[in-house]
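Each of the next two complexes has chain A plus one more chain, namely chain B in the first and chain C in the second.
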Partner chain A sequence: MNIFTTDFFFSIIRIATPILLATLAAVIGEKGGVSNIGLEGIMMMSALFGSLGAYWTGSWLLGLVIAMVVGLIEALLMGFFAFKLQTDIILVGTAVNMIGSGGTIFLVKTISNTVMGQSLTSTTSLITKAHQIPSISIPYVRDIPVVGKVISGHSLLTYIAFLLVIFTIILLYKTPLGLNIRSVGENPNAAASVGVSVSRIRYITIGIGGVLAGLGGAYMSMYYAMGWSLDMVAGRGFIALAAQSMGGGEPVGSMLAALVFGFAQALGIKVSATGVDSNLVAPIPYIVTIISLVLFALNQRRKERKRFAAAA
Partner chain B sequence: MKKTLLALSTLALALVPLAVPQQALAAEPRNVVYLVNGNLGDKSFFDSAKAGLDQLEADGRITLNTVEMGGTDADQPKWLSTLYEVADSGEYDLIVCGTFQMPDYLKEVAEAYPDQKFLIFDDDTYAGEDANVANIVFRQNDLGYIIGTLAGCMTLDTNVERINEDKVIGFVGGYDSPVINDFMTGYITGAQAVDPDIKVDVRYTSDYVDTAKAKEYGNSMINDSKCDIIWGVAGNAGNGAAEAVLETGGGWFIGVDSDQELTFSDDLAAITLTSGLKNVGNSLIWFMDQWDAGEELFGKRTSLGIVEGGVGIVTDKNYDTITSDETKAAVDAAIEAVSSGEIVVPSAFDEGGNEAAQKLRDSVRP
Partner chain C sequence: MSEEYAIQMKGITKVYPNGTMANQDVDFEVKKGEIHALMGENGAGKSTLMKMLFGMEQPTSGEILVNGEKVNLTSPTVAISKGIGMVHQHFMLVPSLTVAENMVLGMVPTKGGFVSDYKKAVQLTREYSEKFNLYVEADARVADIPVGMKQKVEILKALVRGARILILDEPTAVLTSQETAELFTQLVNLKNQGYTIIFISHKLNEIMEITDRMTILRGGRSMGIHETSSVTPQEISRLMVGRDVVLKVEKEEAQPTDEVLRVRDLEYVNDWGKKMLDKVSFSVRKGEILGIAGVEGNGQKELVDMLFGFARPNHGTVEVNGQSVLGLNQRQIREMHVSMVPEDRMIFGIAGTATIEENLISDRCTFPRLNNGPLFNMKAIHEESARLVKDYTVKCKNPHQQVGSLSGGNIQKVVVAREFSNDPQLIIADQPTRGIDVGATEFIRKKLVELSRSGIAVLLISADLNEVMELSDSLIIMCGGKIAAYFEDTRDLTDDLMGKYMLGLERQEADQIRRVCHE
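Right, the complex of A and B next:
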């Protein structure tokens, strides 16, 4: 069987998209010195409200907006606890992840019980194709042999995700806000001494991350799967943290790292067709994480040594 | 004279069903508590068990108390303490719980309260070890055989829309484990009985929640192996395979545990051919019948098949309109053969059965 078909490469991009969106949230967060490990929980909450929103309003676009708003609100709440009330942000993130699991099922049962009179444990029974984010077939591009089949026909959110990589670069390196985010991340005291409101910048940083993770959640329930079900994000928010680290915290590097994860999982799916033990296939993405982190660390160390040698 | 006799016998027949509940009513209704290690509203196991118990309560045979303990990681610590609490209260004649997640907790509590009776459905991890615990399991291999027969007939029937020329069917399982392989081994055996050339593509999601991953597997099975029937046996994740079928237009999906056509939205229900049922509710009523009749099922493993109504297949809606008369006849014949014991379906729970199932799986790979 030929593994490297066009739909294999297509699936890499499809698998990588939600990871990429959350990775960009992690990149901006880390640049601003905000370690948001609650991305997984934000994605779960946004996945739920995105699909519920699309069902209520009958419009996927409004559902998508609701998912982003829910992501933003949750991130700002995290900020309130971490920055205003001085709670350890790792603990806040852990709490958000637990709410993403237990809280979503509680909410979906309560809401569906009061609104529809029956308690649901997933939104799969509500969602039809009309509630889903559409795929885009790009004119002209789709006619290019091979490449067209790989890059045309993805979800609208996939194209937005890759455009957001460019947005992230511009935001971080070409705008005053980006300069402030980076300076607060590097040295909050220095930033404060020149009149930057550290807490305002941190709220903005975590808020942007919340919106991005919200988009990732929306992709899960409004495109990838039809509707929300419990724990459906299944660790993608955590993989994003690894991708951020693997990419050296830079937008492009992290994007490549997200694609490496997409590649690893797509490879696992294809390999399973040949009858390899499923217990060997399942950990492939995690093995790739560990290997990549080791390679990244070795590379960093070599660079450090070189710099040290040059300085000496 | 004849008329009188007829009238009398009709009267006698009419009295028979009346007599049974009266007898049951005469006995004191049993106090039953049902511990849900998840949430009601799953339209599957938990709801099915609840429906059966509700039926028993409506008939005045039990009084029922239901406790929803929640199903997330954070809820798990509650399960053991709730078990202790209800066992310690001594109020209940029977404590009912289920699924593979409960046996360890149950064993601990059952040994601490040897006079308390327990029932666990769909698990037999410690079957027979405690005299006060009844283990009810379902012959999912029998169910698999029926579904396999259906899938085998369908993939050959190219008159049906979206059925391709290739004799390949698919199976998406949760884990490469005995309970899933029990479904699978029946499925393969049933399909091969229809036509030995039929190939079966088996994938495991290694996960019960990641719908998106199951969808990727479904896509690969349809695009790479040309499957046109996929049976999803992976909890919520299995729905991803249905979504793959819908999106690629690659044939039909078969659901599991409950009637999934009813739980899906219109789009997904339209491509769902039928579902293999585990009737937890029926089995609890059956259990109560046996208990009332004086048969003690505690301290052992009881497996329920088609005859007892423990497993079954949905035969209305899409199944009725889509499948041909020949297919229906073949499925009925398979049900008959399995019920009568004419065909004994291998099980992954037999000695060495899981290894045999894995070998069978590898031998029919497309």
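Right, the complex of A and C next:
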């Protein structure tokens, strides 16, 4: 039995996409000193409203926009509580996550009852192929043997996610806004002392994260699964935080970490499909996570040693 | 007439929301093109006054004029636009960014409005660096540059934003003596170019050396403006603390007895492979103060780390009362009756957000006398902290105040109260009076002498020459990780002679140095 087929590698990218989007939100957030643990909740809320938006407007594009706007609004609200009202941001994030779980099911029941006269517990019955974010078959690339099968044919949002990695690098390292974000994250007093508005930068930081997490949520309900269902994000928002930290907080490293998590989940799915006891399969993603964290730590230590050696 | 003045602060009163009156009817005037000292003990209101001038705080009443024009400084941005720049005591730099990036923070040049023009930032940095003869490495990360250069970056940051008036908050506190000398040259240079400099310090000799005039604050009030050339150090200290500070410490002759601390052939190579300690041997006996002098960075810090279990030597022994301390943790070392006044009180001395009381009992909170079974005996703890606060004259509302809200001198008194009151047999005092006011300094010095005369061994490490010479009974000088000289008696020592050993121009013979082992 061969697990490592082109299908398998294709599925890694497919599975890693929402994690990657949320990871970029975490990367920008941490650079700006905003630890947003509410990404999971934002993804849930955006997933719900993305699918509802697509259903109402009949357009996947408008659904996507609605998901982004919902993510943005939720993130800015978090900012209001955390920065303006001085609530601990971890508490705010926890609240958002609880709303993302319990609040979404409440909303979907209430809204469907009001609008359609029947109480739905998911939006899967509403979403059809027409509401789905389109897949793109890339000309020429798709004809490359092996590689073509792996990287062509993904959702539009997958390609956007990888382009956003480049966008994140440029934003953080090549623009005045990025410099402000990094300086506010590292030493807000220094930024404030030269007239940078710390709170404005923090709102921008968390807002960008909200939009990115919103995209991740939309991907879940409008591509990965057809429609929203309870707790469908299933910890991807938290995995993103782990990926950020595993990637050393840098865009490219964190992207690779997101792919590692994608690999772990894909492997779990693949192995369970071969008929292995599901109790044995369930720990695979976690085992991969532990192994990669150990490898990461070892690598860090080796680098540190090298640096000392170079300095001496 | 008013054009003569760069800054005029008239009748400034500042009352904080918690009721603390930081400044009361203060008049502060700085002439254009002068170096003006702002002096006062810790907690005298210097920082508050300068924060108001830099727009970080607003006065409760009074007015501020800049170049004769009445201004309303609502934020640092406004102050910067009026040509005021501030170099904070704790640097306002972002360590992971380069010097050039720090320089342009908040005013980044761009290519086409969106993408940063880093080259231009570097160019700007070099241009200003050359113009003002303040050398910095534009491309280096701030985390990697020495303290002296960081300070120059701060000065350049203010200049590049168009500052004509510079506020320097205790600029020499973190500098070595060479760096200080260099800074002074540059400040005089700036003054000659027409810049106005406000210099906050409480080091008398520095003030005498470079300032034209001075304003002295005491308890939030101004003690008047004085020409530096027409006041003596004694007058200044009297104005600052309201009594004549005894710069000389009275002490009886030491009667050293048994050896307490025994250090032999200590060697330490740091993580970068540099040998920081090279065959260091000495002993400290009961009833004496052994001073360690030397330019900072010559192994003193590493030595203290070895003695108190923060690092392990590559070679050599450290014994307290005949028992090795190597490999022990700080608690175990404390159980051997070793006390430590750390160099960096904010990091190793206190927990800033904890209360005075909590900090005072932090080394003894497990002792049976402060506990009832698994719970604290709060009555005993209150009694103990109240007694220490009183004995060590810690100025505070009550022992339940956050220790971080006290002035530097009072924070150090909390540290000292804890370290001196736990029945020590050996006290390691590392820069015990650095950056604190004259009153607290005098108190701590007297206490050290008193304790040593009661039979405690004291090891004093200080970069303050005056301090080591006055307090120590005998003295070693460190240079390049080695002991360069040992003086059995400090009474006839001169600065000149010490300077020669500190800078490595001279070194005593090995057998002369070996006498500090008292074998």
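As a convention for this text, the second predicted complex is superposed on the first by the 294 of 312 C-alpha atoms of A that agree within 3 Å, B and C clash if a C-alpha of one lies under 4 Å from a C-alpha of the other, contacts with A are read in each partner's own complex, and residues count from 1 in each chain.
Everything that follows uses one rule, which is that a residue touches a chain if its C-beta (ideal position, glycine included) is under 8 Å from a C-beta of that chain, and two chains touch if they have at least 3 such contacts.
Just so it is clear, the structure is predicted and the values come from calculations on it, not from any experiment.
Once the two complexes are overlaid through chain A, chain B and chain C fit side by side, free of any clash as defined at the top of the document.
Touch criterion not met for A:301: it reaches neither chain B nor chain C. Within the superposed three-chain model, A:183 lies in touch with chain C and out of touch with chain B [touch as defined at top]. Contact with chain B, but none with chain C, is seen for A:266 once the two complexes are overlaid on the shared chain.
Contacts of A:84 after superposition on the shared chain: neither chain B nor chain C is touched. Shared-chain residue A:193: touches chain C; no touch with chain B. More residues of chain A are touched by B (comparison of chain B with chain C). Once both structures are fitted on chain A, no C-alpha atom of chain B lies closer than 33 Å to one of chain C. Across the superposed pair, chain B and chain C touch chain A at no common residue.
Considering their complex, residues 1, 7, 11, 15, 18, 98, 101-102, 105, 109, 118-122, 124-129, 220, 224-227, 229-232, 234, 265-266, 269-270, 272-273, 275, 277-279, 281-282 of chain A touch chain B.
Those residues of chain A that touch chain C in the shared complex are 170, 174-176, 178-180, 182-183, 186-187, 189-196, 308, 311-312.
Note for the complex: chain B touches chain A at residues 39-43, 70-75, 175-176, 201, 203-204, 206-207, 209-213, 215-217, 219-221, 223-225, 236, 239-240, 243, 246, 263-268, 362, 365.
Chain C meets chain A in the complex at residues 75-77, 80, 86, 88, 91-97, 101-102, 104-108, 110, 114-116, 157, 161, 271-274.
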